[in-house]
């Protein structure tokens, strides 16, 4: 049995006792309807030979939403190389995730690839003069390979709902197109973006898929996914920009690189040690999973993973 | 001899060979006139019984400038406790260090204590209805205790030059006073701030002074400086906000919590391992020490200190 | 012969001698290709019994572009009444015509109906749950009635080009939709907006069409077009907001309410006296007709129409 | 008796009946304590031989506050000429009167001379390497000459209160100094500005003082105060920028160039006809005199002075 199993069981038990669980995202029915009592957690050690540990609803699939930005960026960096950084920045934004003011101030260049505008530029890179379907399939192929499960796919209803309600993302995309920072038709770019956000995965799959970031860009037995330098770049971006306007808070309370999505999932990376995923659909005021963040903090406290020094354990009594 | 000595010697030798060294800050004569060929580095292990290692101009004093914000925050947190966070935020700003737009947008509450506006609020907390001299002495007393050297002091000419040219800081302070976020007269608050920035220290002193942040808030033999939780908070802030608009870049290229100053100094913290200080007066385009950043990156690469995975060594040939 | 004829002839002659004429708008081929040597001017006295005076290319049709916002607003005010002002402001914007920052700051409510965002809200009001074609026909019907010419129509190629290149307007529209300030599908709203901008009229037609604004909302023999109060409101908006970021300059140099378009046309209103129209396709740095503005200034100087006191005549020798 | 007397009496009588009168400015005690039932009005015909008409508290002195910006600008334009416009703009700001965002966006150049930042630049021009006292005396000398009363002066307590509470103006001034747009020490510039705002005048004096703006820059018998072109420039600025964020509303409801102050005074200009002044200390939500604005509207309606067409009379029954 994995050395992490007991810790995950304790985390899942503690989270089950939490009564304040936040509310699921309400802007599309597919997210609004998810049961807030759900909670899953999984840890994938860097050594691919060792199986992931998991607890709770670790095999229930959920909409990974913005967590997909990590995989989109990975693929875009391999495609475009460092030229990507001429079209999107690498610094924290200090603004909510969909601010358009920053875009106007900086002439259509988003601050980083983890705010929506930045991920839309990344989607434009992924299109590469092909069909949206081809670009979406590329991301799916990467994710399937990373988690070793061909069954991973997009939830078509989620993607359709995103497209129907995504006026703010459409505003961002059109603004960047006007500034010359999109190369393909706006609707095609958004189609890629919305479909990637609609990828459905379980915690176990997500933890496995993120393992390469903990393993210097490699994943067991295969060719490297990306170079060690780019893995480090993504990890640094996750720590400084992975939680929108609450990135600083997550750095303090958890202390590991992480990327959250409004579906309630969070991917975490402990370089050289493990990747991990938690999921609980209720969100806090900043749009990140309330129970998921708490679980991450408890996990980091018990494992000593925080890069900033020892953490208080939010659930000391076992 | 310290196990770090050979590495520091190699770093100092490599940095001596660098020809592009940036230009010292030019806004006050005391900084503009410093010789850009200077370079110092020092490492203080968490175990206070073990002496710091050092190389280059590690005993030459320089103006620590914004590095003082770390010590000011430490003291203010002990004084005001978490109530401080009602008056200053804890998130990256995404703006240059002296932007006033953010302040207007957020009604006089700065984004974090490491941008100038935030440190001015911290100076206001330190005043605590006393004279500016008393508040400045408090900070000096802390720093002297931390580095074990009663000789550390403020450079009066630097402080006077800062006061004479600090119109932008005066604008920030008056704006926050208008919004009710300063409790003492603006000029008194600025006097504290300018004098703290004018503290002069050597790399060896600075590394020693920062050791408590690597040691969960304790420093050898004494009472704790701050709680482990607050040390972690400061470390997280250093990583996400310590280099203004280049914090993301420093996180990637060095990967440890750091705080830079326009005097060319950088304080770094490796939790559980060591604190370190580098100094070279020439700055890069973002206002951080050019050679200092490079030295930090080389040091982190050779020690494996980066929290985001293995670094490329910028000076592989020894 | 009209008492204005000699003045118009002198203005046309003076403008023909001007060598610096600006460059036509370049963002769509239909505007870019217009001959910059063109110039037309027409004046329609408030007394509808008296014929308009005209000179130069006064019967050549051009794309009225943003001048259409005056007619759109007139119709929307009659439809929605003062409730319109809950969705769009009435103050100068102090920003370029397509700034999105203001929109974000004020939660999707544009500053006034003469910036693009404001006119897009007006287009949404005009839609009123009908087809875009019906709304466009409404505006055309009003304009045809006002100028007494059933032949006025939209230039379909211009409208198509606007739609193809209008990413920034699409960004504005989507942003307002996200904030809940559009009631119809964004593309339908934009279709109305783009087609209104593509209305083609001559100076003689445009001057006649604007006469109701000089005549307290009435036009000869017919029912009132709008109430006197709304005519005054529109005139005040034209003076304070009619030339985007150069409205203050136009107020000074011409001193009458005016609305310009990037097609090079300007509609002017002298309450109680006359309406006037000028056209010359070359633009100045602020996007207003260079020769048109100069002609307006000369005309105002010779007629004493400036509301701010006597003007210098830019072409004193006749 | 003046032909305006009956109208002014009717206006004063109607205003006396108004029960909603707003609240005086509260930020300094000298303004907060003024009786809100006060109301004065005066009209000075362009023909200086004809005496001003007046009604109500037309001879009670009040703090003219921002109305002083008109006289400061007049003097600065004569001193610096059009070079002034390189340091301050001439367009409406679209922001509240003390926004610092615009200043940062435009590198320390205020949008127009009637927002606080713009008037502070004007004060810097007036200093001209002399003492603040000399510059203040210059403005007083101009105002005294214009209204023909040597007794006009500054209220020292008001000026002292302004200086004590003027943190936001101090922020603006320091910001502009940091951007290089102030040439003299900030505190000296503010001393000039605060003292000009503290000038105390009656409606009768203020109406007389503004007469030159209605008379193409001349005032009876004397040398011209300014050129006709500059008088027109100031009138145009008053119409587009004279009421901060409510300038568009004043243009609509009154329709003449006007400049308001938080002391409750408003100066109006009808080019070629008359200048006028009203005063009532209670303010509306935008910081302009509530009863004063209403009185101006009634006066404009009854005289037909609105430049945008006939006004509704807000008090039709006499």
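Residue numbering begins at 1 within each chain, and the chains themselves are lettered A, B, C and D in the order written.
The rule is short, and it goes like this: a residue touches a chain if its C-beta (ideal position, glycine included) is under 8 Å from a C-beta of that chain, and two chains touch if they have at least 3 such contacts.
Remember, it's a predicted structure, so these values are computed and weren't measured experimentally.
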{"item": "Furthest chain, CA centroid comparison against chain A", "value": "D"}
{"item": "Computed distance of Cα centres, chain C from chain B, in Å", "value": "57"}
{"item": "Chain C and chain D, separation of their C-alpha mean positions in angstrom", "value": "32"}
{"item": "Distance from chain C to chain A - Cα centre to Cα centre, in angstrom", "value": "48"}
{"item": "Contacting chain pairs - touch in the sense defined above", "value": "A-B, A-C, B-D, C-D"}
{"item": "List of chain A residues in touch with chain C within their complex", "value": "99-101, 103-105, 167-168, 170-175, 177-178, 186"}
{"item": "Contacting residues of chain C [partner chain D, same complex]", "value": "89-95, 102, 111-112, 216, 228-229, 231-233, 235-237, 239-241, 245-249, 251-252, 255, 257, 271-272, 306-312"}
